[in-house]
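Got a structure here, written out as structure tokens. Questions coming.
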Amino acid sequence: MIAILDATCPLRQKAEVVRFVEQRGLRVQVSELETRTLVGILGGGDEALAAELRALPGVREVRTVAPPYPLVSREHHPSATVVRVGDVEIGGDEVVVMAGPCAVEDEAQILRIARAVAASGARLLRGGAFKPRSSPYSFQGLGQEGLELLAAARAETGLAVVTEVVAPEDVELVARYADVLQVGARNMQNFRLLSAVGAQPRAVLLKRGLMATIEELLMAAEYVSSAGNPRVILCERGIRTFESATRNTLDVSAVPVLKEKTHLPVIVDPSHAAGRRELVPALARAAVAAGADGLIVEAHHAPETAASDGRQSLTLEAFDALMRDLARLAAALDRRMPRAAGITSGS
Amino acid sequence: MIAILDATCPLRQKAEVVRFVEQRGLRVQVSELETRTLVGILGGGDEALAAELRALPGVREVRTVAPPYPLVSREHHPSATVVRVGDVEIGGDEVVVMAGPCAVEDEAQILRIARAVAASGARLLRGGAFKPRSSPYSFQGLGQEGLELLAAARAETGLAVVTEVVAPEDVELVARYADVLQVGARNMQNFRLLSAVGAQPRAVLLKRGLMATIEELLMAAEYVSSAGNPRVILCERGIRTFESATRNTLDVSAVPVLKEKTHLPVIVDPSHAAGRRELVPALARAAVAAGADGLIVEAHHAPETAASDGRQSLTLEAFDALMRDLARLAAALDRRMPRAAGITSGS
Amino acid sequence: MIAILDATCPLRQKAEVVRFVEQRGLRVQVSELETRTLVGILGGGDEALAAELRALPGVREVRTVAPPYPLVSREHHPSATVVRVGDVEIGGDEVVVMAGPCAVEDEAQILRIARAVAASGARLLRGGAFKPRSSPYSFQGLGQEGLELLAAARAETGLAVVTEVVAPEDVELVARYADVLQVGARNMQNFRLLSAVGAQPRAVLLKRGLMATIEELLMAAEYVSSAGNPRVILCERGIRTFESATRNTLDVSAVPVLKEKTHLPVIVDPSHAAGRRELVPALARAAVAAGADGLIVEAHHAPETAASDGRQSLTLEAFDALMRDLARLAAALDRRMPRAAGITSGS
Amino acid sequence: MIAILDATCPLRQKAEVVRFVEQRGLRVQVSELETRTLVGILGGGDEALAAELRALPGVREVRTVAPPYPLVSREHHPSATVVRVGDVEIGGDEVVVMAGPCAVEDEAQILRIARAVAASGARLLRGGAFKPRSSPYSFQGLGQEGLELLAAARAETGLAVVTEVVAPEDVELVARYADVLQVGARNMQNFRLLSAVGAQPRAVLLKRGLMATIEELLMAAEYVSSAGNPRVILCERGIRTFESATRNTLDVSAVPVLKEKTHLPVIVDPSHAAGRRELVPALARAAVAAGADGLIVEAHHAPETAASDGRQSLTLEAFDALMRDLARLAAALDRRMPRAAGITSGS
């Protein structure tokens, strides 16, 4: 249930609404939006409570059912949200590219890749330390050691770090090292994890589940936001369909649809959608042309020996070439990409 | 990586293999099957280790890639596994029915429903205390209070209790009250949760994710099994397709396919597949005819006022009628169902 | 547009409505249902015409949009339609089984199979003479020669014949030999073909397209019915999903959903859904348990050398065993199956 | 079965191979490719024939199974095919846009739209005269009158005409008026229709079925090509998935996948994929960025009153704005678009 208050209503009235709900044993989430203040009543509330709330001063409206994602909806927040990570702005004019290996393997690997993608114009370094794997017998990541290596690569290159967190009990650890916490596709409806990343201050990269509708992605974002963290970046990464020529089917339409429905930034992962590096540049270009605010791309200096997902990782040379193509494309779309030094034969 | 040892190989040799692996800093999972002993090397192992292992006495074979789910596969375990819960055998001749409300609401509700479904022949009571909900503003279940009410219903009716656990940190609490721990469809690839329910002794009901392949379901079961708990019951509950006439599309073929591939029991949830109570009896009959070892069905004395999923809950009268039909069907398939007293007007 | 007249309205008034529409250059389809007479105005009609029609005597209602399939809907035709083919009733108490090879190959083959499936209790013989194949380089069927062989098999065994027609220009030829004209899944929305089979008197077996919703199947049936042929049998044969363990995903829920929405008989093709003969018996049982009025099953005396689809064809022995199982199942569901002589070693 | 001959093999030897096959009662399709001559043996041929063929002079290879689409595959035809329609080249440097209404409604409508889209830079005029409709009660198109109106619009604007043909018996009529014959998504596996458009000289626009794999689309193109017509343009128009926020899910990855597998031109229909005009520009841009050779777009001067699909038709102003955006995008991708006059208020 959501109570909607005028943004101009006096603080005393807002406090009274909160006190009123909490006295009834319910928790609230207060969100100050541009034109309204929303008081979300978490996990319940009946029609009788709604009627009482409607009678309080300052309460403009109480909704017991819709909208399902009031905080992330564009309805009360028409302007786009820009998520700032260091000096990078995600959701603004710049097309922000995050790049790196699927998994952190060792210090030499992550440093080499970080230097190269930075030189090509990437702004964040991706790399998995905790890997969710379909089989218990597969490589599960380096864990804390991987996080330390990512932090070392950040120290050297200046790239911010985005890495996945797979369980609520790891959130504090991962947040100590990472700038952006990624919630992976398989965990998009792990509601405890969503609440945990919502209760800490780092930005959150929320990937769409491969079986999730756009509505469900927005409701997952609402979990994060309603737990107190509005810094959510959405990521389309391909959905599961009958077509087997690609690993997943990139739902490029999700970009304009999300842009209509939410004020949050939207990026695309062309690597997991494609499943084969040959297709990644075309999908990356399509995503930017469709209006994506950024990309997250797998790149590796030796994809054929990568610990996981090598088949879909770009070589560093191919990544550099892609970045040059994207810069031209971005300009034709009135968006910016950073001027890159480019990689050289030594990198 | 999996090392396969002859079942008849001396214990000393088996211990040597385990010691050898652990000295290299890797964890193992030993499983004594009918014809073989499997030593799973968790989370890694390379070709060099495989070569060394192959040279050890008693080691018949080392597989670095396939099969992806050695413990739950029928390959080394041809006879069907029967999971015993109290005096109920799941995976044997009996078609076992689990029934109850979507969510535990209060004492009167759960007792009334438990008495009725027991009288109709159900053997386990289902009911959610922790509810994973797409929206943070929906009813999330009664939590521990719900577990206590389920235990009270068991004490009165003798029905064993199956209920969902949604996070690793809740496993101990839920296992204190429940006989079977359910992992829901949205958590089928929550690998930490799978490991957690694998590290405790209660039986596990593992639901197929609504966009998970049968292979992925089996690999999820392997997570539970490789963590030490072989008492896994698989559940088909409908997959997501383009068809919108039903909430999900019941993949009834999954029953014979799973029966080919694994020795674990397989049950079906017709309620979540159908999404409408009118369709539940036909799907329940189809599931039993396809060879399911049991069903998990939502039933409620007043579906129209249920806290969740009322649209797909059978009335207690409709559940009773279904059980009578299923008993006839089971007999025609040479399977058993318990003789039921039937519900009376007072129940 | 549909004009609905009282069934009791005088013939003169009905004729006047038809004349009125035809004078405006539009074609009509008159259908006498149990409680109403429907006058379908084909291919158009605007709001002005609707207003004029509503003013005519005997016209109870004019609908410009809904329902999309008035003739096949249960709304005005609550009792089930029984399609009679010779002495076989499809849609009545009997579970009717149609069986035979995917393609007619030669005289010895079709006769041998026909004799065997008849002895096992099949009531219709299936066999393709015109085969729609994905590749132009595959075997396309024997054409007219195949039809003649099917007729010869009917003469010897008494089985009625069902065979596919793939183009409007073949309808007359196929109808000369077959008792039931099959429209295949790939042609479910070949509207010219639907109109052509609707303009001749043979019963029509309409298979659901592998990408078609249940609503679209019903609208395809409406094409046949509105062209003048109410003798339509619907067939669920699996839909395309992400799951690749089966050739298609049998949507067993389509059986009860169709039974709710239409008065037409509904049968199931477990062979094309499964794609592997091992799964066919389980799917056949599931279909009958879900309420199907019949089955269409591929059977062959030497599946491994069949000209097409051998992988999913039952051996004649397996078909016989299935029929015995189905007879027990049918009895438990209060439906009939014919007493079969059974196949002997000589058949 | 396919026999592959050296392109340099003497004509006499080629004729001998053809004669040899035809004497055995089989039909052949001879295709002269860049590096090879392919002799396709239609509808059959066994291993014995293959052995005999392999012994003939000039025959380099005989394949009984793979590849399923030799004529349209890039394997023997590495350079891209350019389909010329008048002075327009589809599959070359230019991004070719086809635009117009869903259905031809009357002379004023089609002329007004044709003039406007021509002024904005479209090169072909689309418009349906024969409409395949899910319901028999919907508007089915103007038929021959619609074709005449399209021809009139061509005479005035110089735009080539692309329009749908829905049945083999209409091919001759439609080919008399149209420059490109469209085979719609529902007819992608109407093999008789594919053969019919393959047996006439007009270029063919082949749309992917909404549940067809990329492989199946290529085999459908092979039907057209093997019937004698190599001028095939492929069209991705969205596939059916679980996501309902768009009418279909545009499979933008199909563009680079098809470009790998075939030498044929590939265009995209963003209108049918989106289902809502608001999404069309983003999808159109994504398609061009992914490498599409062109687009087919619905545009209408008054979408809200269009006879069909108005919801997804761009206004003429929105189409003009899109064309300007696409021209900038094309330049950034080193492709061309024609300089457009632009529409003015009078158009």
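Order of writing sets the labels: A, B, C and D. Residues in every chain begin at 1.
Basically, contacts are C-beta pairs under 8 Å (C-beta built on N, C-alpha and C of every residue); 3 or more make two chains touch, one makes a residue touch a chain.
Since this is a predicted model, take the numbers as computed values, not measurements.
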In terms of CA centroid distance, which chain is the most far removed from chain B?
D
Where are there more C-beta contacts: A-C or A-D?
A-D
Measure off the straight-line distance from the CA centroid of chain A to the CA centroid of chain C, and report it in whole Å.
49
CA centroid of chain C to CA centroid of chain D, Å:
32
Just the number, please: Cα centre separation of chain A and chain D in whole Å.
38
Among the residues of chain B, which are close enough to touch at least two other chains?
211, 240-242, 244
Which positions of chain B touch chain C when the two form their complex?
211, 213-215, 239, 241-246, 249-257, 260, 273-274, 278-279, 282-283, 285-291, 328-329, 331-333
Within the complex, which stretch of chain D touches chain C?
1-2, 40-44, 68-69, 132-140, 166-169, 186-187, 189-192, 195, 209-212, 216, 219-220, 222-223, 226-227, 240
Could you pull out which chain D residues touch chain B in their complex?
211, 240-242, 244
